[in-house]
């Protein structure tokens, strides 16, 4: 029941998004069709094309046609790449997903020890240091930190590639995740290749979530410390390691789960800049181009996909939260 | 027992207590002072900038990409303009952006949030669902789309970001209202027949002021981040405006041979955002409020 | 039961891995000779009817082929066409095609295809069409399987030269893939198909195109127009790299073999130090000019326009922003210019102010005008020249604001005098080696074409007449005479702010052989069927992993 | 010190560091617990009972707390000075029942998980490595689970196996308290420290739980340290009792005597207020517990003391023996020595 309600509500939001974006891009000035037909296209053929794409009908008709198109798995022709936006997204989404997942994993892995340690060493120098770090982490303009990473690791130390996802031939496509595919096909050169390409953008992208998660975990850990159950487990002689990294962390981490959910939209947004800087062939880069070049189908398509991703992740995260923290399950 | 005749300690009260807390938090003091400095520099830019004309249309290709030196403390950019001067003028833009964005966001978001929280039911549903729609699109993406729709320029990008930002204030105000609504003094003044408007804006609003203040401080930084990002992507300020994001966008083309045109503007953004965060963090502890 | 499952999975996994491994090995064994070219601009679409930017032209030249081929001495030589003749009145061009020239799908090129290609261009429009404006759809005929005849309504001396842009397209293939569209039984004329596919007969066949990322083509084995030399290129890869620096770094790292001309002088200077890199420098036959919308006040006043020409500091432009070059003498690049003594506006603020005094607008009035200078947002050099121009204008009290605009928007705006920008920077490259290609923009014929130059809207009856006479004149000497006078007149009216020609710098690795700088028909320098690689050069082995 | 002593605390002083300065919470507290003896600590809430216990258990968060002076001996070893591993080992001989059972069980783990962790840890002799290895072996886990079941069964918990699968918030308060007791007793403790174990429970459960605790302590021959503000409970439960006020021990002695003939004015006050205990305790004495930031000079009770004397405000009285077990810190009883 609860599940169904959530699902319904998800649909609602997504429809809302599609409407919002649809209206937004359709009011963009300038005639995209003239561009699509190429310069010097005569008025007649432009008119024809407009009719063909139904741009002269009232906006709500256009909207319904668009939705109907979606049901057929079409998102309309992109004026940037001259093919159906759905195809483009199919091609480019894995790249973005790989990037974001990598960054989030990196963030979580680093955040847990940082958070726990700075909570245990509360008000110590380490702690202040960590707080500062976490504040710094969220203060970087990622397009700039991206450039600086390129400058330092790409040019000065010259051991990371500057841009792109891979320089050699890509591995045989199975999951579309280069790291995984290359491993499955024992294609280790490609794996290394993909890895070094992934490293810099993933790192840049992970800074903000790393900071936020560390911060949250620290705060929660400190709350947990004052809980009676800590006293009891201490009194029963349980070792500090188990207490802080198992008992407290489990309590402290489940709220962080939701935080991670909230981070996803931010990450998707940040990817727009990061993929630009690192010429990462993902949907974010395409989306940025589509939006800034009046490619209305591309723009709506990408935004739609992204917001679906966002909503779904939040949904999953909530469910997971329930698993990690029985209190939630019981409350339902 | 010696400690009984130690010197009498006085219990600190209210503000003094807070101030001590705040002063203990050196970081936020640093942040605050940097911001103050930034604002001053921004205001005084025309008088203190070594080459004020460089912030405008002036170009001096004969001295393009000169590394930092005594005459050009932070070097010159691809058109031979003094980077320091442009940074100073850029500060005006970034701060203005923060102000504009937050004003829009505040005056749209907070009232909506309070209404939703106060009336509940249908109003709540409608407003908050809309807020959900907005918050399921990443801020940068939506802002980008809006500012392109309004035809890209500095002002439009500010408006666009504001248009995107209201949602988070709405959420915050909504949550706060829900909790404050339950307080006795609200119920009592309701029973005394105070008008809804009075309750919402004379009684509920003041009670979330500290939270909002913290939120404003923290978001100022992020607003600047989004703003510069949008300019970087080419949907914001257009040349020759001395906008920090734009400066980085142009400077990047001369890496690694000339690092200064992209390094310093980025540092400026970073420092500003950081100090907003430091200050906001301090205020958060000061008021003991939680703002996600 | 459970066990079986485990075994199954283990087994299948192993097979999968083995397969993958073997594939890897297979890949490692065959090593084609690649040429990897760095391009700044992405190719929007592959349709030969609108090769909208340098990259597109470049790619089209390798995927498609033309009736004739540019040649330094004879101007052009037979190619798909083996011979041709022009009717005495100069209105009918008849081409005889070679037999047995194949499209990539193996079908033979016939007159039908040529007719189809021309009709397609003239019907659909698109920026290539501007070179064949006068030809009516349907006026082109196939006399027999191998004979085509083009019928021009009036004389067009640049016709032959224009054919360099006329890419022969595979009729059957296109029509097989047509979609419903506005062109009657031709549907969409295969527009959708040709955006992402290729229907050509060029030396290279398309393998794949990842938009904004790379375009891969492999040598067309049955290509018969150039014979294949040892160590010639098997695979061409265009990488699209908008960031100049990234391009430079990838070249230096050996991830590219050569690049286009976008790398800035500052970086080229570094490259010249590297003995393994060659940097070719040529005066690029292009006219850098600030297009002026002659319809918008105060720019409708020749005195104002002259003033602008005097105030525009060209030297800074080509010396400090570009890699070098020379000021433009009139509307044509040196390479194609008939007369050598056209006037060059020197940088002279006094003269400029004097001119403004004579204009019909008072100084105060002039201050009032808020004018816009459109520079292509994606080009650093354009934006810098824009800034230079604006500050130059400030010096004589003209208020010009630079706007970084997308190329398409400039072209679109140019289509109407009201929308066309006051100024738009343009570097008009000689795609076809003929004056008319440049002069046409200064006649009503060029007005409102979706190209920056289309936004000039300058018209001077005398000029029109002279050009017409030039076109009519059959005798080359006479022709250039007329053109020359026209150029002088245009220069005097200053319908644009004349800029400069620049030095183009082509960096490439020492082992790349066969670069030939074309004369006027640009973008043929990267016809990769003429390129060979010095496979014994250690750098080659290193860069291509041999 | 004599052998039968299990616990001896000597002149313990604890401060709490706050931004206002040091709160002088515990001052010069002494007490001792003999084998098999149950000792009570009574006093108003906030008079430092729990803090004392926490110091003993070594679970007082430091900072903010700071131990200024004193020794805490358990089985003859000073817990404040011995190396941590040894302390941990000793701790296993201490059983602890907290005040609030609800907060004292980790909400996100099942009872089973918690108990098994604890049991396995006890098996693995202070070594994390051993612990983790053991945790991985299903055999050990099964053993531990069985042990857990026995322990629970000992406390008459119905269907222990199902309890192991339950999460804390699925259990009643009394049941939680029993589980905690079970966990506390699952080692071989020498002493049980109960910090107002029943205050959070309703009256009937209180009785049953108390009974249970009593029974178990006798079974296992445990010494006990029972902290409460409820004199009634203290009377029925403790052989000896310490009365604390404002972080200092003001009087001690055999519970019965002490309650029948209280010497210290404060104790008197407490005893007087027993009838009116229900609801708001200690309404017998007006005024409230001292501000630890600037505690009253001299005797900390003197501001509220009916029998106040000038000297009380100047110097703090020291503990004096008044016959047998009785000791009291008050100027009224100076001459009796």
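Note that the chains take the letters A, B, C and D in the order they are written out, and that residue 1 is the start of every chain.
Convention: a contact is a pair of C-beta atoms (placed from the backbone, for glycine too) under 8 Å apart; a residue touches a chain by one contact, two chains touch by 3 or more.
Every value quoted in this text rests on a predicted model; they were computed, and no experiment measured them.
K.L.:
What is the chain whose Cα centroid lies farthest from the Cα centroid of chain D?
P.N.:
Chain centre farthest from chain D's centre: C.
K.L.:
Give me the ID of the chain with the smallest distance between its Cα centroid and the all-protein Cα centroid.
P.N.:
Measuring from the global C-alpha mean, the nearest chain centre belongs to A.
K.L.:
In terms of C-beta pairs in contact, which of A-C and B-C ranks higher?
P.N.:
A-C
K.L.:
Could you please state the distance in Å, as a whole number, between where the Cα atoms of chain C are centred and where those of chain D are centred?
P.N.:
Inter-chain centre distance comes to 89 Å.
K.L.:
As a quick test, compute the distance in whole Å between the mean CA positions of chain A and chain C.
P.N.:
Chain centres of chain A and chain C, defined by C-alpha means, are spaced 38 Å apart.
K.L.:
Could you tell me the distance, in whole angstrom, between the mean C-alpha positions of chain B and chain C?
P.N.:
Chain B and chain C have C-alpha centres separated by 46 Å.
K.L.:
Between chain B and chain D, what's the gap in Å when you average each chain's C-alpha atoms?
P.N.:
Chain B and chain D have C-alpha centres separated by 51 Å.
K.L.:
Do you know which chain C residues sit against two or more other chains?
P.N.:
243, 245
K.L.:
Do you know which chain A residues sit against two or more other chains?
P.N.:
155, 292
K.L.:
Using the touch rule from the top of the page, what residues of chain B touch 2 or more other chains?
P.N.:
Chain B, residues with two or more chain partners: 234, 252, 255-256.
K.L.:
What part of chain D is in contact with chain A in the complex they form?
P.N.:
Touch residues, chain D against chain A: 54, 57-59, 61, 63, 88-89, 91-92, 94-96, 98-100, 103-109, 114, 117-118, 121-122, 126, 128, 131, 167, 169-170, 180, 183-184, 187, 193.
K.L.:
Tell me, which parts of chain A touch chain C in their complex?
P.N.:
Touching chain C from chain A are residues 30-31, 34-35, 37-42, 44-45, 48-49, 52, 77, 80-83, 88, 91, 154-155, 162-163, 167, 169, 172, 184-187, 189, 279, 281, 285-286, 289, 292-293.
K.L.:
For the complex, which residues does chain B have touching chain A?
P.N.:
Contacts found on chain B: 27, 129-130, 132-142, 144-146, 148-149, 151-152, 221-222, 225, 228-229, 232-235, 245, 248-249, 252, 255-256, 259, 262-263, 265-266, 269-270, 273-274, 277-278, 281, 292.
K.L.:
Report the residues of chain A in contact with chain B in the complex, numbered from low to high.
P.N.:
Of all residues in chain A, those touching chain B are 12-14, 16-17, 20-21, 24-25, 27-29, 128, 131-132, 135-136, 138-145, 147-148, 150-151, 155-156, 259, 262, 265-266, 268-270, 272-273, 276-277, 287-288, 291-292, 294, 299, 303, 306-307, 310-311.
K.L.:
Any idea which chain A residues touch chain D in the complex?
P.N.:
123, 225-239, 241-242, 246-247, 250-251, 254, 324-327, 330
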